[in-house]
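To start, the structure itself, in structure tokens.
We call the chains A, B, C, D, E and F, going by the order they appear; numbering starts again at 1 in every chain.
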Amino acid sequence: MRPSGRNLDEMRPISIETGVTKHAEGSCLIRCGDTHVLCTASIEERVPPFIKGSGLGWVTAEYGMLPRSTGSRMRREATAGKQGGRTVEIQRLIGRSLRAGTDRVAMGERQITVDCDVIQADGGTRCAAITGGWVALKLAVQKLIKAGELSHDPLEIPVAAVSCGIYAGQPVLDLDYPEDSEAGVDGNFVMTGEKMIEVQMSAEGSTFSRDQMDQLMGLAQKGVAELGRAQMEALG
Amino acid sequence: MRPSGRNLDEMRPISIETGVTKHAEGSCLIRCGDTHVLCTASIEERVPPFIKGSGLGWVTAEYGMLPRSTGSRMRREATAGKQGGRTVEIQRLIGRSLRAGTDRVAMGERQITVDCDVIQADGGTRCAAITGGWVALKLAVQKLIKAGELSHDPLEIPVAAVSCGIYAGQPVLDLDYPEDSEAGVDGNFVMTGEKMIEVQMSAEGSTFSRDQMDQLMGLAQKGVAELGRAQMEALG
Amino acid sequence: MRPSGRNLDEMRPISIETGVTKHAEGSCLIRCGDTHVLCTASIEERVPPFIKGSGLGWVTAEYGMLPRSTGSRMRREATAGKQGGRTVEIQRLIGRSLRAGTDRVAMGERQITVDCDVIQADGGTRCAAITGGWVALKLAVQKLIKAGELSHDPLEIPVAAVSCGIYAGQPVLDLDYPEDSEAGVDGNFVMTGEKMIEVQMSAEGSTFSRDQMDQLMGLAQKGVAELGRAQMEALG
Amino acid sequence: MRPSGRNLDEMRPISIETGVTKHAEGSCLIRCGDTHVLCTASIEERVPPFIKGSGLGWVTAEYGMLPRSTGSRMRREATAGKQGGRTVEIQRLIGRSLRAGTDRVAMGERQITVDCDVIQADGGTRCAAITGGWVALKLAVQKLIKAGELSHDPLEIPVAAVSCGIYAGQPVLDLDYPEDSEAGVDGNFVMTGEKMIEVQMSAEGSTFSRDQMDQLMGLAQKGVAELGRAQMEALG
Amino acid sequence: MRPSGRNLDEMRPISIETGVTKHAEGSCLIRCGDTHVLCTASIEERVPPFIKGSGLGWVTAEYGMLPRSTGSRMRREATAGKQGGRTVEIQRLIGRSLRAGTDRVAMGERQITVDCDVIQADGGTRCAAITGGWVALKLAVQKLIKAGELSHDPLEIPVAAVSCGIYAGQPVLDLDYPEDSEAGVDGNFVMTGEKMIEVQMSAEGSTFSRDQMDQLMGLAQKGVAELGRAQMEALG
Amino acid sequence: MRPSGRNLDEMRPISIETGVTKHAEGSCLIRCGDTHVLCTASIEERVPPFIKGSGLGWVTAEYGMLPRSTGSRMRREATAGKQGGRTVEIQRLIGRSLRAGTDRVAMGERQITVDCDVIQADGGTRCAAITGGWVALKLAVQKLIKAGELSHDPLEIPVAAVSCGIYAGQPVLDLDYPEDSEAGVDGNFVMTGEKMIEVQMSAEGSTFSRDQMDQLMGLAQKGVAELGRAQMEALG
């Protein structure tokens, strides 16, 4: 019934390749099916003015799509002179999600910027960015720990995200682009272990009930558990 | 236990005054406690290029805060040269929410722009904007019906929104600013009748479980029912 | 002869409601006929770099129109990415006018920003903004005096503004929108008591003589006197 | 008593050199003392959308200062990414003034853009720009007439502008920079013959009376008469 | 003597992997040592206004660097709100170079946009972008030929580019970042076969003679010949 | 054979008038045939952050064209909201060229900004800007030397630039606009004495050989020698 032939609760194949760029303190290329996102983490020994002197760290994120990551070429945002509304929304979500899973006291007063650049898009780019972004962040943090700059690991349980939605009347896990563009209801679940950090559900020309919401949360928990295993494997 | 002394499931007083500006096709001033938002609906007999010739209508929204609607003066976005990320996120949410509750075939090929300008802010401005925005939209549509330009009402069940969150460990309904700035988990529920259109939950330095999510959905249903009654009363 | 039936030297009804928003140090809603402007004054204990250390205060103003304050919806300036030429011209005029009526030594080294947002427009918005802006400014200053932060009142004689013009060959006072859009000559007079601070006269497809100019100054003095009484009444 | 030793009602030496650039349809370099402005008029056979099909012409103006036209280097507006408020105000004034002196029916449906670029500034640049801009405009129009594209001259009486102000308690004509930066009251008078088109008076830390205003209008009439003779001479 | 131990006339290892993204009509990932650039070519059946109806095609290019392609994180240009001067210069060079090697009549009235995004930078990114960009362009053109939309191949001899410079007093081929940041003279040679399309030489705190220029041209010819072989191999 | 009737190796008449504006520390108006550029040099006793404290000076340049310096009016860049790609490329070239000819240690820690504004364009504006810009820079430096602020002249051999190209199959020196718009190959040579600082050659719908390149370098050396004499004469 799904265009890809997957079961309702079946994820796309996940692969996370680490160390893909020599300059960044942490990096990975995450592939969720045909959605490929390059994630890098950059450490800076300074923080935004509003937390200066607080002893707390800061994690922030930026998101971009290469112009031809999509079926037809998109305008480059640097040429357009600004980031679009969708981009801003997504990078704020990635930043909040990664911060939520970080012990900012243990991190110390420094900033880590996670850049997520979509090389190829096939639905679920923001979820892939969060999942891969956490791996890049973890690698950067491991580098700080190895260098003796952190005594305590500020990242314990992985943060990962997956989309769920109601496609052709059925709750499905991990929507690809053909499903995403047809689904009446879809959303993103950012979780750390069994607990939720962000839930964003949206209906288009449709609505959903409390029961359906609960079903989707169940699917999301299954998906995030799989993503967590892939994250741990990638980190060795 | 709540700073305002309200019960856990108690809304702030709601008032919706219609016809507050002589130019707009529909308008209201919604007051949810100390949060005051001016909503206007403007009809244009043209649609965005991507639906031209489709016979479908379009509803869009813009959101702004007057510089001194808040405790300390915010920079005017027109001076800053762009709308901030939060503004863009909110106006996209308002637009999607109102479109979700509109029969775009019945509406005919025209556009209605709903402007939501916050006069005074005390938490929950985006929810007030959706709730008041729907009233302004409905008034504009009623004008079209009265003028014989629409044979069928494209707006049936009201769309309204309310915030819920976990404050001091307890699930509470309709957060005001003092609660909002302390809550570890909070979110917004956009609903039409008993059904959900958008759910946006977010944890800051915290997480939430499936059970808590379900409790908050219950509170939201109670709140939206009250808002729906206020909307209907305002429309007479 | 005037579309509204007013006499040549008759102002529109004026109402000034103070204390309309809980956050601002001073605020009022001024109504000159169907022109409604919300004015707030915000105090900051810092001044622009170019007067730092001079001991002088600074008064500045910003002006905006809500998108549907006018007959057909205007583009929101925050979306357009910049303030239009007319907006910039008007807010510079408001700022200069209010500064001209302020004893900047008595004010002390602080800044007060007066925001004037047009809720509904029917001609003469800049004049209403100056007149109402002065009331908001005065209220903010009274707060400083009451708090013992100022020993001397930096605002003595009210600053107010009115438009005059030549409509259908006759000099008229306080043009509304139907007159304003037809008048061959019109202008704005900012005054403090009997003295002038700013005069801006402009002919469109027409010219005016020294005699006519003098007649208009006479009308303006009458109008500003009335506005001064309304300002004083509003302040109690 | 004046820094330059001029009499109260004495203009600076005026020189207007025409045909200073080979590309423009009309051009001149106007020198009012040490204020030098290059004015060009460019004809285009298209009009702005809002008058398309009306048969009317359009005159518009743009104004700029070379970065080192002033005592200390100003930031180039093209680098700053926008025209400042003062620039916008001035170019709107130049455009309105030149349009006011143009018979837009006789001009036919075309646009003439007058560019005024300040090469060296010493006070009164906007007045020099209007005075020189009218000469450039006239030259472009003469070219159209000679080419048989206009049967009727749309420019009859010259438009010129001069500044007046109250300096050291005395009304003075044609302020240079040292006077302009000290004057408590100053303004610009745009006139065509004996009639006024625009009057912009402004007091800084001061006020002015109806009588003073009248005196300044008298001075302005004297100055504009001289400028008109210089314009006519330059045109041969 | 070179930091990498290469001979003076020795290129870095080149690899060109084609078909790296499923959406673009042509794509490759070019690696010149540690400089990695992703190049995609996107076909559009429309041309810029200035050649509409001419029957000629258009090739254009855009260039970007991922924020962490460099040793320390660069600001994302989409966030900065504009492309920097260096970016604009480079993408203009890429576009001119690829156009120079294209028979725009044979191409037909369509546009191909080549996007070059630097994944990892180690000197010579603009040269890699031109060399890889030509491969992506060629693949897109082959697709048009296979689809029967072109009867004649508009791309005959490959276009490639290489840098040369004077490092430690010696002329060297294909500078990497450590050489590039030290070289007193360096430049880029864009060639097609033995002929030159663009030469850009620049001295910093140094100068160069006619003889040295000639030596560098010799090195460039050798390098471009190698690149041409790699391009042909990649295309099979 | 050349449209102007010049010999293949003949420059246009050069004139350099110094001291053309009273405010700038150095200024000249350079005329290369019908190309006229106003150059000013402005000294500031501060340097960009990246060389603060290094004891080195900085020379930078900005370039602009007056809107009607060209055959048809160009859009003013301040109105467009940004400098175009061509402008940025040119001003970066001017800055690099002038810096290359400056002893930045002898200059001391200060910045000189050279503004080059094209009054009238007829090909070769960037070369005229470099040649005239050096004269303005030299004048500013002479002022510093005379004031005893520099003990050693940081500018020894003049920096000048000339264009060369292949027009109608022949190598020609100093292209004017009619040649420039037809030439298949053209470029700019920035030199100091017999040595080169920058070479930028570009072919459009054509290519060039090593031999042709060498011929053009020969022509350039001849042209720059003439420009050097004109620079010296202007400086007296």
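To be clear about the criterion, a contact is a pair of C-beta atoms (placed from the backbone, for glycine too) under 8 Å apart; a residue touches a chain by one contact, two chains touch by 3 or more.
Note that this is a predicted model, so its numbers are computed, not measured.
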Joint neighbours of subunit F and subunit A, given as chain labels: E
Contacts common to subunit B and subunit C (chain labels): none
Same-residue or different-residue interface between subunit A and subunit E, half as cut-off: same
Remotest chain, subunit E as reference, centres from CA atoms: C
Chain centre separation (subunit C, subunit D; CA means) in Å: 28
Chain centre separation in whole Å, for subunit F relative to subunit C (CA means): 51
Distance from subunit D to subunit A - Cα centre to Cα centre, in angstrom: 59
Geometric centre distance via CA averages, subunit F-subunit D, whole Å: 33
Residues of subunit B engaged with two or more neighbouring chains: 82
Contact graph of the chains (line, ring, star, complete, other): ring
Cyclic chain order when read starting with subunit B and heading to subunit C: B, C, D, F, E, A
Of all residues in subunit E, those that touch subunit F in their complex: 82, 85, 88-89, 92, 96, 99-100, 104, 187, 192, 194-210, 213-214, 217-218, 221
Residues on subunit A engaged by subunit E in the complex (per definition of touch): 21-24, 27, 34, 38, 40, 42, 44, 62, 64, 66-73, 76-83, 87, 113, 115, 117, 119-121
